[in-house]
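Have a look at these structures, which come just after this line.
In the two complexes below, chain A is the common chain; its partner is chain B in one and chain C in the other.
Take a look at the complex of A and B:
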């Protein structure tokens, strides 16, 4: 079972994060505020890819759907920003459900290819339909808070991160979490155990896409401009790097990975594109030598996961009893 | 109008043959290693630059430079396979599909951004294979396109001869059908994995070197053809080399016609790249095994 996020030691990083802003200069405050956006994305992608095994490349497209929906509603219909963000979340969730439904028969790399193609088409649509989206020039959207200070955004982003983390770990601690891992380990075996795999696949796409939409809405109203660059492969690569480096099977790992990778990429900003080379190598090294991420490794659990002999053929049997037990309890 | 149609078909045929070359490499990697190489487009780009620098710095003539590019990408492919993909063959990795997607995607990130650092973000154009163009009636086709198409066709023919007539090719095919059965008759699967990844990379690199004089080189040139290559590979059926050749030519022609005949010219240009992606989505939805898919090569 995933451990409760409300254990005492969890308060330490939370309090530290709350106390940090007065100690930071404007630049790093901005960097950390943006890193909350990436942390929400990385954690929700980790839930989708790491827990449920749906390796989607469309996550940034859902963030863009949330951002653009909210931004366009605010610009064209003068909707209040919080209401716009809620609509953005709903829009991303609905499209996510549709994509999940379309992907029902696809597994592994096929799903990745499908979502990659979807993200590409969506990005080109944002560019081509410039009369709505302002194309590559970018859509200027109203900001949430008046004034130039990033402090309110820092706290808003952090609260949104905590809220989405709580929602996701609530989901994982319920029986759904175990169904999701069964889905990842062996879809046929899960189906044979009576799990409605179609339902949970659509559910997990809906939930993670809605959370990505929330992140996108926050980001748009924070930086004040949305461009099709949000959906590019390098952006997706950044989120993959965050989740993989932190630990793709751990929500806190993904958050730590997101902050670490984003801060690292800012430290290396002067090196230009070289920083993406460094990030790519970091992904390779992490995958090669610590598949469960540096966070898991740092907690001292890396060795156990890593050396566990995991014969693939045994996975269904390993997943099945857990599911049965849970079904009986429930 | 008919000449225009014919020209689009002809241009489509040339790009189609290049696509087919990239896709054939992807197919060999897929059928032997059972992974999708998400770094394939970057290897294609690397081949283009390798050819360019072989011509500019070493003074190699343009056509032999294609072989230099293929040799270099072969070596890069084998090194990557030895260093990063060996965990796939043991029980070290839990979920092989995800591992392969992540590390090949990271290869793409590293190569593309390293190319921006090393070669600069601006376009480069190597010298032509042959200056001039042929005129047939109202049609004009540059020699570059003819050379590239002819070279690509020769490479594809060579590839199918290699797969059918040589013992290494046969061994690759055997490993792709059953690793265990291949091991029983004494084929060292591990060596075949390295050969397959190197060969796939070399085909992508050769395609990059061939296309360079027609479109110019840029570090991001591999983004799109790699999507096209996935379209072709899925359309033709994962793991089927003839399928990927037919799929490549088909996509090239359809794309050429689609851009040429789209009603709104501005949007046609913006959406020209979405065309292949849409085809990929439709193929995955309607017929995931592709047109020529072999049953035993189902991806799991």
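Take a look at the complex of A and C:
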């Protein structure tokens, strides 16, 4: 990644997001506040699937672990909400580490199926253990802020999004970023290069699950009720769609994708089932014409479909004469 | 007695290695001690177990029998990255690059795993040196998947070099390489050997191997059938038999 001197550019969307609430009515304020929840999930899933290549379908289950852990601690033990959310993060991280460990020998579709099965079992458990979770009726959890305004939730969600994005990009800028991508590209080759693939696989499951747990904790105490519907396949599909539409190998891309898709689905709410058709078409079109997502497209880097060689690269054919010349000399 | 005295100094010391796949013994009791600074050629017909032996010596596979030592340490059952950490670098018969990473990033990945990898500046400098050595500098920022087959072989060699290894295990580095680039690659490997690196070189291209190695090991059906100076080995009736498919 070339370091541009234009880092300050990032302040623009941040300032805009901070200035927005007074301009929004209650409905859109709520929509955007929820979209921060999805943005945290989509970005952390992008890190897990897009960077590290672990195409997991258990992400919503980790959000639910964070949400339910925090909610139950608040309800049953009257733990303060922030403390509960921290415990939720820890619980999601620990289960994430365990899933990462169990997935060590699984690759590609096997890992996807395994994590999907885990998510489904977890959802059934939430329904079945109703004496703890209140099952499908839903668990009422205390809200973080008194009063009826969503404004404090908007800011809380946004700050949590910024915090998780900072943590994730810190990880990506360290050498771990290169190791994770190497792991995605070829596990055996990564091992041969001295990369402890087991360690980094468990690490990335732990980190992204903990972040999903944070999102879930925030969401629960925001909307005030948790149901097993959090872990359904359509919910997971929505998060995948957000990351894919925005750009699965880019954290800001996934965030933009999440807000864009969620707002779009709200705009289209009146059209009923039609909105799923529109969203489906959107995914098909980005996959066909801009595999790196709309974000990369917006930055002018193009999708894989019409990819040009990166700026400073020379086409391999052009290299041949140089090699030839040098061989003749030598 | 002589072999027992020689053993502790061997960089990679394989003793009576066995690897079975279902019914077949891909490697069937091979012993191979590679001394520091040696350039050993390893040849044999298709399916004779050369790649399997490389996999055993680099930790990609765990032997079913025998012991594998690196620098005197028994490594049976250790993960491949531990072998890499002990200075064993390997390349793959079919290149396995990090395809959607740049050529430069392919070189940085192994270097960053080293304990000595402190200054990012020194690593970048070494990567630049390796790129110059392999004549790939102009492609540094292109994705690895855009490289030609021969260039991919070169980059794999470069990735191995970035580990600062004690020994290179090169699995058919010449396969599929254009004749023009072949001379280049043979010269690069000979140069590494002159610099004092220890190398095990697997290949079918007898002419290419013969020109650079001083010691040639021949495998057939998982067993070692010859070990010695190239010209002697290639005159041996067993080797001629194996190669003419008796």
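Please note the rule applied: the second predicted complex is superposed on the first by the 297 of 330 C-alpha atoms of A that agree within 3 Å, B and C clash if a C-alpha of one lies under 4 Å from a C-alpha of the other, contacts with A are read in each partner's own complex, and residues count from 1 in each chain.
The working rule: a residue touches a chain if its C-beta (ideal position, glycine included) is under 8 Å from a C-beta of that chain, and two chains touch if they have at least 3 such contacts.
The structure displayed is predicted, hence computed values, not measured ones.
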Q. Which holds for A:229: it touches chain B only (first), chain C only (second), both, or neither?
A. neither
(Q) Contact-wise, after the overlay, does A:156 reach chain B, chain C, both or neither (first, second, both, neither)? (A) neither
Q: Return first, second, both or neither, reflecting whether A:191 touches chain B, chain C, both chains, or no partner chain.
A: second
Q. Looking at the overlay, what does A:55 touch: chain B (first), chain C (second), both, or neither?
A. first
(Q) Which partner chains sit in contact with A:178 here, chain B, chain C, both or neither? Use first/second/both/neither. (A) second
(Q) If you tally the residues of chain A touched by each partner, is the higher count for chain B or for chain C? (A) B
**Q.** Overlap of the chain B and chain C footprints on chain A, listed as residue numbers
**A.** 309-312
**Q.** In the complex, chain A residues that touch chain C
**A.** 175, 178-179, 181-182, 185-186, 188-198, 309-316, 318-319, 322-324, 326-327, 330
Q: Report the residues of chain A in contact with chain B in the complex, numbered from low to high.
A: 49, 53, 55, 102, 105-110, 112-114, 116-118, 120-121, 124-125, 127-128, 184, 233-234, 237, 240-241, 244, 248, 272-274, 276-277, 279-281, 283-284, 287-288, 291, 309-312
Q | Parts of chain C lying in touch with chain A, wherever the complex brings them together | A | 58-60, 79-81, 84-85, 89-90, 92, 96-102, 105, 108-110, 112-114, 117, 135-136, 138-143, 146-148, 151, 159, 163, 180-181, 183-184, 187
Q) Which of the residues in chain B come into contact with chain A in the complex? A) 35-36, 38, 83-84, 87, 91, 93-103, 105-110, 112-114, 116-117, 223, 227, 230-231, 234, 267, 270-271, 273-274, 277-278, 280-281, 284-285, 288, 299-300
